[in-house]
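One chain, chain A, appears in both complexes that follow, with chain B as partner in the first and chain C in the second.
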Partner chain A sequence: MTTQLPPGLQLEKLNERIMTLNVGPQHPGSGHMRLIIKVDGDYIVSCDPDPGYVHRGEEKMAEYRNYIQNIPHLERPVIHDSCNVLYPYCLGVEELLGVEVPERAQYLRVIASELNRCVYIQYWLAIYGIFLGHSTMFMWPAGDRELLIDLLEKMTGARVTHAYFVPGGIRNDVPANFEDMCLKRVNYFEKRIKEYAAIFYDNPILISRTSGAGVLSRDDAIRLGTTGSTLRASGVDFDLRKKEPYDVYGELDVHSNVLKEGDSYARSKIPWLDMLESCNIIRQALQKMPKSGSVRVKLKPNPKGGNDEVYKRVESGRGSLGCYIVSRSKPEPYRVKMSVGSFRNLICMPYLLKGEKLGNMPAVYWSLNYWPVEADR
Partner chain B sequence: MSAIAPKFRFSYFLKSVLDNVFWIVTLFTLIGIPLVMILLFYIELPVINGNKLLDPYLALTTLADPSRQIPMLKSIIHSDFFRITAFPGFGFAALLAAATIFIERKMLAKLQLRVGPFYCGKVEGILQLMGDGLKLISKEIIIPAKADKPIFWAAPVLFVATAAAFVSLIPVASGGWVVADIDVGLLAVFAVIGFFPVITVLSAWSANSKFPFIGGIRALHQMVSFEIPLILSVLGIVILTGSLNLTEIVQSQDHYWWIVFLPIGAIVFFIAILAELERIPFDLPEAESEIVAGWLTEFSGMMYGLVQLGSYVKLYAFAALFVVLFLGGWHGPMVWPPFPEEIIQNGISMGPITLHLPGLPLLDQQMLNDVLWFVIKTMGVIFVILLPRGVFPRIRIDLLLHIGWYKLIGLSFVNIFIALGLLYAGVLGPGGIL
Partner chain C sequence: MSQPESPETKPVATAQPQKELPKFEKSLTDKLEGKFSSKVAIEFVKPTRIRVKVKKEDVLEVARFLRDEIHFDHAESVTGVDYPDQKEIEVVYHLGSYTDPELSKQVLTLATRAPREENPNPGNDSTRLPSLRDIFYSVEFHERECFEMLGVYFENHPDNRRLLLPEDWADLPPMRKDFKIKGR
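And then the complex of A and B:
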């Protein structure tokens, strides 16, 4: 039996200075994925990301369940950003079925989605901190995240997997004193995350280590199709909440955060600025929200879409998250395809890591705002 | 703030302690003493005081006689064996290292708004370290199939041994409380430190694995490039004292600590010991997210435990060296209460019995006071060494080498010029004003 060596190992055979490192899946510095890295001394010669370890076939599963049954499993790829993951699906199904969502439900959707964005970014930031060896930055966001998780539990009934958005509105109304509670928590949360600047973002060692690491220029960012915080850190003002407002985002004053540097430091700072902006949006939404009213349009049992197809996208924690639904006049969708920010950002990783030092690998890798499970779906 | 486990009752805690005491006393009285008595009947006993044959009862009273016990204890305390194993040597260092681990965990937990070790030992998790040690001992030791086994086995032991050798050079109190008081003590310290990179590289290489290899190379770079500022930064003190003997260096700081005159040297030395100890922000050889656990990746079970013990003993030794060189060693105001004179003169009266205790005190007041100040200062330095772990992220290797080769070496030369200036101006040194 002749075994053909994979291309990476052939390179190692050719040049004995080059060493192959398998970063993942059993490595503390990788997610549920593998990076095949070749190093020459301390410099990375090439990087080959190998996702697919947590592929669960969510899109195929969606073809065997009707529009309502799809809700709980479609949020599984990113359970700590579950509202935002369901958002484009719900928007798409509503358009297919021709449903108009009540205004109060739209505002509550915005609040839930912004809270969930903060929860996601806190989780992401915790891991970014521990990847850089900063253990306090692991504990603080992981602890402060609980504030919003408790709030979301009161709102939706579940701590992490909310399944809150349904086609036609939201699953249930919020408790009576929710607005005061939410305002109080969000104000405290904002005060708390502003303290992160002192210990993390203004830390001279952090700045010396991450600024200038993995610079992605504006043109490259557009050419490689990146999205979300990676794109905005490279100086492209692309925030779907502002560019293509969905639900009531058009009525709110949304500021999109843009930095020009395009390095690892800028990419790590954008989500933090986004959290501050989310607090702002939540306060606006709480003010403008109608105090009472219906939150859900009752659908027919087993609703059928027409012979139609629809594409909707929202700004998730990792960037633009699109959902393409094809309907063939049946209770089940013919095809559901999700276009996720994680996979788009993963594509630029080999370009960024080539020629970098090995010590920059975690800083660049996690700053791309990439969640392996979402990329695999 | 104190945190106590939810189901904790102080009475339960007392009861468990008293239970243990009860069983120990009971078993000793019912089994131990009869056993000794029975054995002693079959042993031919020597004659004491000319006319009296020692019987079992007399044997016990002789052993318990303070006039015999105190000289025995004194001879043990002043023996070399005690010095090497227990007091200024390894046992003392290991005890302080254990305290360091506990302080590190609790302090870091408070910094990060969490509780830290909590349940083990019921009060503040004080027995957590013991639990961890038991876990490490009971774990299987796995050795990579292609490892160079003798070197791989020897590396953790050598690491601890080198750390212990380092400890033996540190003077703890006046009156010769040091294991090895040699005239070139400071040179000997640097000779011992020079072994650490060798052991690290040997263990990393012998594991025959990629991540330990990278970690070992990183450790070699880091230790070698920070040893130079480490040595240069203490040169100022050697110039001013005119001695390499650590005890003499401490004695020279009777009135002024060297940190007052040589603050730059102290800062350089402190940063260099952070790098030598592989502590955050210089923990590159163990950078978790890049190279798993660096050169410790393949160690398992108690081999890993030994390396950790060695690194904490090393931490104590470096902190103690900082105290000896810059913070005046054991010097401090006398706060230890003197041993009561009347006990030495009259003995202790308990009802009808008067116990005469000739030869007390076992340790003189000066020595105990010295040790107290030494431990306080050392723990202070250790605390400052631990603190960056909660504040800084890990640095990158090129920035690390840049700091070592450019900034710290430059600063340590500035420090040497300050020392020379003080010497030639006649302020300090032999025949100086101060």
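And then the complex of A and C:
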């Protein structure tokens, strides 16, 4: 039996104590990625994440298109959070071209990105709920999410793939009655998500399943370079909306949610608290926004950046999202790199799952707020 | 097509004459230059962004200094940029800090370059750099991505395997400039 196996395959003997399990890429509990898990009985001995099943070459495509043509395809990694995904790219291109965004557009961007954050978190929460066997927690967020999707549709014209942010502002102004409608819906939305506490977050079954599972200490969270809810659930107060305010976030009162426990329960609670905070931010922005004015600075056709580079980052639904653009005086960027929260949090997975029970795998995996398509880009 | 009355704002050229450098950022680069003098090249100092270029022999030493003395504690991203005309591949580390509140806004760009070969043989040619994984643990997956996408082998990296590409990928590393997308 010395036949050469094709790469990626391995032989396993039946009498070995350690068994290898492939979780994914078709398994619904894994998303579009594979986890190669070795188990000893019920306990996970090692975990090797294997992403790449939804790799689309966004960064390579960006080198062949000009700065404006890049807008619609760069938001594809996370269509539920498409405003936040485009945000750092737009900020970067604006800095390269030296464009100042009108104030009304900056406020509308903040509103759109906060609405989008809620939409993303609701989707994630629905999946988290169903994988813990809580079907009400699948139905409720999936239903309440529609409220904001309809609002975003009125604002941007599309339900999920908005392509709303453009270098120089936003694509179009909002309809006339938007502010009242937005305020009403956001208030109702806030009332609804507060009800999740009783059915989900204070539910003893959820607490017993998630608390103490996959604990990430503060030092390890920093050492592994995690970001977003994973980082803030481990007691590190780092929210870019507060630490490095972009656009008009500096003028708004942003509170960043931090919990100390570092377990799956804390990681699942932070996004929910973030949604409540987003509602606050939207209300502030609606109040302070100029009631009229230009929303877009027209760029020249085929704008060129100089011989320069920028690195811009924003706080997305999954953590810090950085965009590194290298420009070489051409209409196309020379190199675009998206440093995404999911990819940065991927490194936690082998670390947290080691020594955990196999049954806890979905609770830990989904609490990382990991989006496979974004990690692959 | 022309819209003469539209409020077309011309892109304003950003600050042509070199203004005085931002103070805090300058103090960081002074520390670096004081320690390493000519080994580090400060390429630009902008508000909250610094770019430092080092030779690949010195990158470990400089990175260790950045972690221990200046307290950058994690890498946000590792990017490979291919420069075929200069026969080099640049690897760019964006470093940030969670522990030091003064540094929370700062992103330090540490760039180093590896030689580039015409016919790459990833892992077995001269396109090599020392891995920063022992200094910044967070670069582990980023360096794996850089290895498969640009063919830069990181020495002393514990796990130089494929990450995103399929196991049987037998073409050029796809982020190199001579790998062309069909039809474009």
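Brief remarks on what is shown
Here is the rule we use: the second predicted complex is superposed on the first by the 362 of 377 C-alpha atoms of A that agree within 3 Å, B and C clash if a C-alpha of one lies under 4 Å from a C-alpha of the other, contacts with A are read in each partner's own complex, and residues count from 1 in each chain.
Everything below uses one rule, namely that a contact is a pair of C-beta atoms (placed from the backbone, for glycine too) under 8 Å apart; a residue touches a chain by one contact, two chains touch by 3 or more.
All of these numbers come straight from a predicted model, not from anything done at the bench.
Overlay on chain A: chain B and chain C fit together in the combined arrangement. Between chain B and chain C, it is C that contacts the larger number of residues in chain A. Of the two partner chains, chain B is the only one that A:W140 touches; chain C does not reach it.
After the chain A superposition, the centres of chain B and chain C are separated by 140° when viewed from the C-alpha centre of chain A, nearest 10. Looking at the shared chain after the overlay, A:V236 reaches chain C, while chain B stays out of its contact range. Within the superposed three-chain model, A:K60 lies in touch with chain C and out of touch with chain B [touch as defined at top]. Once chain A of one complex is fitted onto chain A of the other, the partner contacts of A:S339 are limited to chain C, with no touch recorded for chain B.
Touch criterion met: A:I199 reaches chain B, while chain C stays clear of it. In the superposed model, A:I325 makes contact with neither chain B nor chain C. Touch criterion not met for A:V101: it reaches neither chain B nor chain C. When both complexes are overlaid on chain A, the residue A:M19 reaches chain B alone and has no touch with chain C.
Superposition on chain A places chain B within reach of chain C only down to 24 Å, the least C-alpha distance between them.
Shared interface residues of chain A (contacting chain B in one complex, chain C in the other): none. For chain A in complex with chain B, the residues that touch the partner chain are 19, 21, 27-29, 42, 129-140, 143, 199-200, 203, 205-206, 208-209, 357-362.
Partner chain C is touched in their complex by these residues of chain A: 6-8, 50-52, 55, 57, 59-61, 64, 95, 97-100, 222-225, 231, 236, 238, 243-244, 294, 297-300, 303, 309-311, 313, 320, 322, 324, 326, 334-335, 337, 339, 343-344, 346-347, 376. By the touch criterion given at the top, residues 108, 111-114, 210-211, 214, 280-281, 283-284, 287-292, 389-399 of chain B touch chain A in their complex. Interface of chain C with chain A (complex): residues 3, 6-14, 48-49, 51, 73-77, 79, 81-82, 92, 94, 98-99, 104-105, 107, 109, 136-142, 145, 162-168, 174-175, 179, 181, 184.
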